[in-house]
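Across the two complexes that follow, chain A remains constant while its partner is chain B and subsequently chain C.
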Partner chain A sequence: MRQYLAFFRMRLLAGLQYRAAALAGMSTQLVWGTMEILLYRAFWLSDPDSFPMGMEALSAYIWLQQAFLAFFAMWYWEMDLVEAVKNGSVAYELTRPTDLYTMWMARSLALRLSRAALRAVPILLVGILVPAPYGLRLRISPSVFLAFLAAMALMLVVVCAYTLLIYALSFFLTDANGIMVLSVAAAELLGGAVVPLPFLPEGLRQLAQLSPFGAMQNIPLRIFGGDIPRESIPAALGLQLFWAVVLIAAGALLTRGGLRRAVILGG
Partner chain B sequence: MRLYLSFLSLHLKSAMTYRSSFLLSCLGQLLVTVNTFLGVKFLMDRFGTVAGYTLPQLALCFGVILAATSLAECFARGFDAFSAVLSQARFDRLLVRPRGLIFQLLCEEMKLSMVPRLLQAVLMLGWAISAGAVRWTAAKAAVLVLMILCGAAVFFGLFLINAALCFFTLEGLEVMNIFTDGPREYGKYPFGIYGKGVLWILTLLVPLALVQHWPLQYLLDQGPGWYGLLPLLSLLFLLPCAAAWRLGVRHYRSTGS
Partner chain C sequence: MIEMKEISKTYRVRRREAGLGSALKRMVSGGWDAVPALQCLSFTIPDGQMVGYIGPNGAGKSTTIKILSGILRPDSGSCIVDDLVPWEDRKAHVARLGVVFGQRSQLWWDVPVMDSYRLLRDIYRVPEERFRENLDRLTELLDLEDLLRTPARMLSLGQRMRCEVAAALLHSPKVLFLDEPTIGLDAVSKLKVRDFIREENRTRGTTVILTTHDMQDVEALCSRVLLIGKGQLLLDGTTEEIRAMAGENLSTEESVADLYRRFGI
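After this line comes the complex of A and B, so read on.
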């Protein structure tokens, strides 16, 4: 366990070095969040009755989404992992007395955590300063806040497990790019990045909610805004846990299978 | 012009050599903007109208912006990705050739994976027109073409500024995404929808509203005829862009070899 923690810390510290990139990303996210809020405001003003969630819940959703973008942005692929599988340098990893999947998981978690850590706080502060109903309202009961934290943690695991599953698939495919492209598009649409899931048409919404993508940003961001009622929170967390377990199991199995199958040339 | 066309065929050939990877990147680019349109459609299915606009009218608006950005990104790719040109010392090579710098950079790189996006824009425009977004006259058709072309010019100006900044920072500025990738994303709605502040910034500072929001009012019979000529005014934006570019080139010092 200690070795994975050390690996985790190493990646975390490495990720924290990119401060200029974080500053740039942060200002982009601030503008993006403002534009999104202004957009939904126009819809809200023209017909508040058709709005499927409260304006405050939506504002919380958008500010948290921009602040923690690095947690669930599917396009943050770690291409060096895929490359390592492709060009065979993954063989070096096999000489270490570690489990490849666990190491990859520690690495992915650390990378996303470090990216979010540098950007989140200023964006959250701005969100809090914006007046109601367009700002990030902090009136939240302690128990709901705890549920939010749990959902955030589970979401991070689900996202990383999903990306690891794709990396593992690249043992079996000559070109993983196709499935990556499709994953990004599906995660954007079904995960609630294009529009929050309550805005999707019926049918598609149910499908999205049950899919692994619905277990990502959708759940914690809506818990925080109070859009998921208190009594439905346990079920939502359960769904996240279910996908986390399924994706981890599938990813670990595939990685093991891929390694057993892999023939690496060279000396 | 002949030279440019031969470069175009060169880029086309090189893209076609790696056909599957080219098609995949086309698909990737296309899915992003298709998703964006789906987002608009889902919201409009629920609300019917927003700030007086209907879905065909929004499709028209998004089609204009998408066509403009795709054209600019496809043909002015050399400026969009200028930091790579600088860091690989390819700029020195351009300086010794007896042709204009801007012309050479236009030839240097083309992003042909933008073509499907252009097709999407044409489809959206076609659908918007057949769904009766606008009561057409010959003048309005001309204004529509003007909006797309001048829009592409404004985006080209933004890329020029981006490239000029690269002379000083040596690496790309992600902040510029706010003005390059951003408008493609939030240009899916007329800029007026985001409120007066945003509209004035995009009218006076970065004149994207002059190619989208204002002439759109004319197309929809909501504004006077001279709104239709505003895209021409946006071309003035190219002057400061060109000045910035020239300043950057003068600042340039090769690393030598």
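After this line comes the complex of A and C, so read on.
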């Protein structure tokens, strides 16, 4: 365990030093969040009854989404890992007495945590200062807040496990770029990044909610805003747990298989 | 003790002629060629020996190192390093192993070298006291003092290689694989790295396998030379023997080139 904590700490250290990127990301997300809220506000004012979510729940969704973008964004690939498989540096990782998949997981979790750590607080503060119903409302019961934290943790594992599955696939492909682009598109639409899932048409919405992408930001963000009713929370957490287990098992198996047939070419 | 017995490994390579026509043809047909990298390779290296492992490009040197490091599994044959089969017991095996791949880096690019070393300390579970001791010794011998606080990306090639060699030794490995460790180094750095490896072997009895194209490395360090070509062991002897086999008055470099020609590799 200590070994993997070390990877975690290292990635965190490395991630914390990109201050300019954090600043740029933060301002982008502030502007983006504001614009999104203005956009939804226009729709909402024109016909509040046909809105599938409350405006307050939606505002909470958007502010949290922007603050913790580093947790959710499927396009935050850890290119080091993909490159390592592609150019053979993974050879060094294999000469370490560690399990490759667990090490990757520790690194991926730390990468997203370090990126979020530098960005989240200022955005949350701004969100809290914005007046209702367009701000981040903090009136939330302790039990729902705990459920939100659990859902955030599970979501982070699901996102990382999904990306690791793709990294493992790159053992079998000459170039993993195609499948990465596809994954980003699927996660943006089915995960609730483009619009929250309640806004999707019937049919597609159910499909999205059951897919692994629906077990990502969709659940914690809607729990926080109260859009997932209290009695449905256990089922939602169960779905996240299910996808976490399935994706980890698949990724670990694929990594093992990939290593068995891995050929590190050249010099 | 390293024991390789009748190890064979064949790669599959996708080959085609250049040009659009053959590219289109290969989209439908497979076109995999089998390229034998190692053919029934056997050798034994006792503890504490320094061995130069030489051969022309594509002879199978790196393949051997990868098999010995447990990264690659051979198609057939057996290999035992200190009672362990590298690719079966990878984790236990690599814990006693230090590896330097001259063409790749094990340091984290954007953080100071010392952070990478701390990570290695935790990965190999090196006790703090021994880590300090090793680090102090490495810092002094390889002249790392100012480099430790520098991010790896800001080091020159020679400085980085010294840091790489040190990184491979922080956990006092019993066996050291060096794959072209002096590639691109200036004369001073080269001598430093060589002196250091010799010292490591003398004081700690570390077994060293050195793959290189630099015959001076081999002459300076190795008591024994294994010559490999086309995946087969062609010669097992000392540098003197290699020189004796070739013509009079040739440098080691020239005698090796002469040998390559003579074996037709």
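Just so we're on the same page, the second predicted complex is superposed on the first by the 264 of 267 C-alpha atoms of A that agree within 3 Å, B and C clash if a C-alpha of one lies under 4 Å from a C-alpha of the other, contacts with A are read in each partner's own complex, and residues count from 1 in each chain.
We adopt the following convention: a residue touches a chain if its C-beta (ideal position, glycine included) is under 8 Å from a C-beta of that chain, and two chains touch if they have at least 3 such contacts.
Given the structure is predicted, the values throughout are model-derived calculations rather than measurements.
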item: First, second, both or neither for A:Val121, with chain B first and chain C second; value: neither
item: First, second, both or neither for A:Met35, with chain B first and chain C second; value: first
item: Which of chain B and chain C A:Val184 touches, first, second, both or neither; value: first
item: Partner chain in contact with A:Val195 - chain B first, chain C second, else both or neither; value: first
item: First (chain B), second (chain C), both or neither touched by A:Val245; value: neither
item: Partner chain(s) touched by A:Ala132 [first = chain B, second = chain C, both, neither]; value: neither
item: Contacts of A:Leu94 with chain B and chain C, given as first, second, both or neither; value: second
item: First, second, both or neither for A:Ala14, with chain B first and chain C second; value: second
item: Set of chain A residues, in rising order, touched by both chain B and chain C; value: none
item: Contacting residues of chain B [partner chain A, same complex]; value: 20-21, 24, 27-28, 31-32, 34-36, 38-39, 42-43, 45-51, 173-175, 177-178, 182, 186, 189, 193-195, 198
item: Complex contact set, residues of chain A against chain B; value: 21, 24-25, 27-28, 31-32, 35, 38-39, 41-43, 46-47, 50, 52, 175, 177-178, 181-182, 184-185, 188-189, 194-195, 199-201
item: Interface residues, chain A side, partner chain C - complex; value: 2-3, 5-7, 9-10, 13-14, 17, 88-89, 91-92, 94-99, 260, 262-264, 266-267
item: Of all residues in chain C, those that touch chain A in their complex; value: 11, 62, 66, 69-73, 90-92, 94-95, 97, 99, 101-106, 108, 110-111, 115-116, 118-119, 121-125, 179-180
